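Okay, so here's the structure we're looking at.
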Amino acid sequence: MGVVTSGGDAPGMNAAIRGVVRIAYSKNFEVVGFERGWEGLLTNSFRRLTPRSVGGILHLGGTILHTSRCLEFKKEEAITKAAQTLALNNVDGLIVIGGNGSFQGALELSKKTGTPIVGVPASIDNDVYGTDETIGFDTAVNTAVTEIDKIRDTAVSLERIFVVEVMGRTRGFLALTVGVTAGAEMILIPEVKYENEEIFKTIREAKERGKKSAIIVAAEGIGDTRQLANEIEKATDAEVRLSVLGYTQRGGNPSARSRLLASLFADKAVELISEHQKSRAVVLQNGKITSMGLEESCVTEKPTDLSLLALAKILTT
Amino acid sequence: MGVVTSGGDAPGMNAAIRGVVRIAYSKNFEVVGFERGWEGLLTNSFRRLTPRSVGGILHLGGTILHTSRCLEFKKEEAITKAAQTLALNNVDGLIVIGGNGSFQGALELSKKTGTPIVGVPASIDNDVYGTDETIGFDTAVNTAVTEIDKIRDTAVSLERIFVVEVMGRTRGFLALTVGVTAGAEMILIPEVKYENEEIFKTIREAKERGKKSAIIVAAEGIGDTRQLANEIEKATDAEVRLSVLGYTQRGGNPSARSRLLASLFADKAVELISEHQKSRAVVLQNGKITSMGLEESCVTEKPTDLSLLALAKILTT
Amino acid sequence: MGVVTSGGDAPGMNAAIRGVVRIAYSKNFEVVGFERGWEGLLTNSFRRLTPRSVGGILHLGGTILHTSRCLEFKKEEAITKAAQTLALNNVDGLIVIGGNGSFQGALELSKKTGTPIVGVPASIDNDVYGTDETIGFDTAVNTAVTEIDKIRDTAVSLERIFVVEVMGRTRGFLALTVGVTAGAEMILIPEVKYENEEIFKTIREAKERGKKSAIIVAAEGIGDTRQLANEIEKATDAEVRLSVLGYTQRGGNPSARSRLLASLFADKAVELISEHQKSRAVVLQNGKITSMGLEESCVTEKPTDLSLLALAKILTT
Amino acid sequence: MGVVTSGGDAPGMNAAIRGVVRIAYSKNFEVVGFERGWEGLLTNSFRRLTPRSVGGILHLGGTILHTSRCLEFKKEEAITKAAQTLALNNVDGLIVIGGNGSFQGALELSKKTGTPIVGVPASIDNDVYGTDETIGFDTAVNTAVTEIDKIRDTAVSLERIFVVEVMGRTRGFLALTVGVTAGAEMILIPEVKYENEEIFKTIREAKERGKKSAIIVAAEGIGDTRQLANEIEKATDAEVRLSVLGYTQRGGNPSARSRLLASLFADKAVELISEHQKSRAVVLQNGKITSMGLEESCVTEKPTDLSLLALAKILTT
């Protein structure tokens, strides 16, 4: 059985690798880990993983197998090469731990080869269709919320407006959950159009009610947050600062929930491989671990829960 | 509308209070908060809560309303007195934030009065029937896991066995989730009988395989952990230490998930009160917020997911 | 006795306020706290502080008195107004908690009035002459180091170079200590000139030795870090990312050391006021709490310990 | 050059090992690390350490060389065996990273052999004479304070008294600094005799003033804290709980300060070895890194700063 981590790293990837290896061994599989994402499948670069070799990694961020964003992998010949690598090493099944992009690659590879391939959703962006949560999401949310708790100290003490940019690529899942749980006065996500004038108005009204500081959580996907901060400052005559939380959201020890999800996903993934199931994605649906077609997960856009945005508005009045 | 926090405190209780107050106001309710748990209903001790007065508490542990374990409340006359307090203050509905014991009290009170009473499950023990998770549970798990990550540094460096006692009262929910996500070599919970000899054997075998340190997570409900640690030391000739994690598990800033759950539960609870529904408990079931009869939640014992225990065994081989 | 927090906020300011108030009361002084920095002295906006009213703030970031950067305060008439406020309220002594800029203001005010004024150095930048450490510095260092520990997970997993910009205004004290303790491969501070070509060379050489990731800690005072990151990427053909740690460095619960320093400084400050000493600054010198002339502290530039930079280079080879 | 970590582990030991190895290499020394404390010198168990092999350990708690409390090492023949091991491996100098007990062993060994031996103080107890601070102390203080911040949430919410036992072996350095910075209402250390009646009185008086919760920080060295908690409960009619912080204080990622101290101590230790100095201890005195005779450090009892205790009393009134 092979395992690979691909795309952006997410806290809990190591927990998933550990889970895959130890559960696979309990079912008498051997496991090889391909290194540096798809690159390892193109260069046949891997190492044997044993229950011992994945000891002491459960609580570590990043991925011991390393990862990469492999643009080359979108080409036909790369997929062919990867399929050859799987065949060459007698890999009976491949578990791909990663996000949307990695699932696309896994799907292409799956079509090219008869080998069962299972996707395990791991991404701080939580933008994989079909799963309520991805490995790493809960950790990233907590990291961002903890940082915003700190920023609020300054916001309140200096009576300032802060625009806080959080990650999430083109989607607003991270920003939405962070915004609600950090008590942000406003949450801006790409899925919901807004007029700058609305923002200005909200801030002006809050100021009149005596609320002198505010946290605006903005998903990176909404565009230029620097410019937004400048425009708010100009329009409202308040002191506005921008804070881009950045890469700390990707790292750090995984939260208990990210570790648990990684372990449960790993269990399901090994089960699917041992049943020779092809092109499946492990998912969390309605609180239960299950699986779905990898293709369906790839081609469908994950919907946004707008009721949460409405609730957030009420919670910060 | 009234709100009260009762029983042991749990991180996220303040987030729930904030949620209740702000959502209630958005529906034109006024809110009073009874102080020190049921005691506030016996002594008619309360304060008016406004959207402003619950500002800046979302991220704080404990409860601004204070709480207590009120043994007196089990008596008939106490319930009568509490019912009078509700009537006296024209409270149209009462939201009780707490665990099992608080739900019992809420049920008794509900039977005595016509006032709609809704239970919101908040407890680090996660032992409330009908809900997959209680407010504060995720925070307590993370606190315990973070502490065990630290203890492991010493366990490995000094090649010792650690018995780590975690909370949970009579149940093992906290110990089980902590054990799995901290990578404990053994998990002891009251729901599963074990023989000391099994423990000794497991440790001896691990020692023979070259594994010189181990973490045994034990729920407080299993009995005397001090004695257990001594017996393991005697039987295995290993250095064994006991660490009782204690009250840090009850406090601290709530995790993002505990805050989110608190907000969603608050939303549902206010909705139920505004619909004049009586004796309901807000719960999380299969990933969705819903409600169930308060009595059913009170009288039914929450089952333990033993498959998680089996998985834990495989994950630490 | 009066107390004011001024300039940028720093974790531990509340611990200092608490210390000043409680120690002052033990010596039978009463204390008023001016609000929003110098602005409170211009508008005569203050509140009475008692030992009770400063309870529960020891561990909170920010400042309950709020603060501001008050540009107006550089003008003669503002100083005159502030002196009148002190006289009007019979303030026998004023304790100014803040950084370099606040000390300048305190000095001006001190010259204008007969009232004893004592400066207490609080700043995450640690750029106050005469003191080995300022309140908040240790907290900011730990916050930045913890965040870089997380960023390193991604740097290693994706084999990338990270430029991490830390605060410090025009100086490199924060960047230097953060760089050494985070194990940064390079540390760039305004006090030491460097050629871009040196940076490129170091990265290329590390790459040849097989080291594929690196953390470069850069003080905000060195200039445009975005451009630097771009230039490194172009010159070394490595993947380079920029992370601006930002305002989280200003907030958060103060570290034990920042709290201790705040308490000891407060003790000394109250002692100086009670001795009617004028224009003094409380400082930490060679591990001891003492005081020096406020003017000397203001007009002298704090030297940089370059031996630490040399040690850092050896430690990351 | 040899390096060994001995006695109880302390956060920052790895940072010290890394520092010793990299600085030694920069001076053209080779380094071997003896494993499991003195045991490694008795069994000639060691590994070669290179600048690469100590990469990625700066921020980890515990010690990669492992450690032990080696009672056997107090015997003459053990010392002789260790001296032989040093000679056998042509070790020109030995750096011993540890606390009081380890310094004793180092002194004995130093008397037996001509090899330069340097002690580097690392201990969470901070009980080594001659140094203002030991590696790991600052980390342990912060860990304990963070935990007490959490316990206070419960103490306040439930209006309880908490006795919090912190480590420190026979001394009160850890308890004292933790108590001051956590804002404990009382601090009990072995160096200061107290009557239980005083404690009861203080609690009763606080209760009368309306303060219903309190944190009493007690050093483990004062004796049976369980009994103390029971006696307080009986005498004051308050609800009293005991929390033993335990082994979390030993582990965890070292704080920035512990890392810095470890690096600076390592630098000095290698310098002393390269100068062939015998039986020295590296110390921090008045904010400067220097050295003193190992014997003086061993035989002298470190004094307690009682003024800090007096200040603590004022700060919590």
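Here the chain labels run A, B, C and D in written order, and each chain numbers its own residues starting at 1.
Here, a residue touches a chain if its C-beta (ideal position, glycine included) is under 8 Å from a C-beta of that chain, and two chains touch if they have at least 3 such contacts.
The shown structure was predicted, so the numbers you read here are calculated from the model rather than taken from an experiment.
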item: Both-way neighbours, i.e. chains that touch chain D and touch chain B; value: none
item: Longest centre-to-centre distance from chain D, chain (CA-based); value: A
item: Whole-Å gap separating chain A and chain D, where each centre is the average of the chain's CA atoms; value: 40
item: Length of the line joining the C-alpha centres of chain C and chain D, rounded to whole Å; value: 28
item: Multi-partner residues of chain D (at least 2 other chains); value: 149, 156
item: Overall pattern in which the protein chains touch one another (line/ring/star/complete/other); value: ring
item: Chain pairs that touch, as defined at the top of this document; value: A-B, A-C, B-D, C-D
item: Chain A-touching residues of chain B, taken from the complex the two chains share; value: 18-19, 22-23, 25-26, 51, 56, 58-59, 132, 138, 141-142, 145-146, 149, 156, 177-178, 180-183, 253, 255-257, 259-260, 263-264, 267, 284-288, 311, 314-317
item: Residues of chain D touching chain B in the complex; value: 5, 8-9, 11, 13, 36, 60-63, 66-69, 143, 147, 149-154, 156-159, 162, 241, 243-248, 250-252
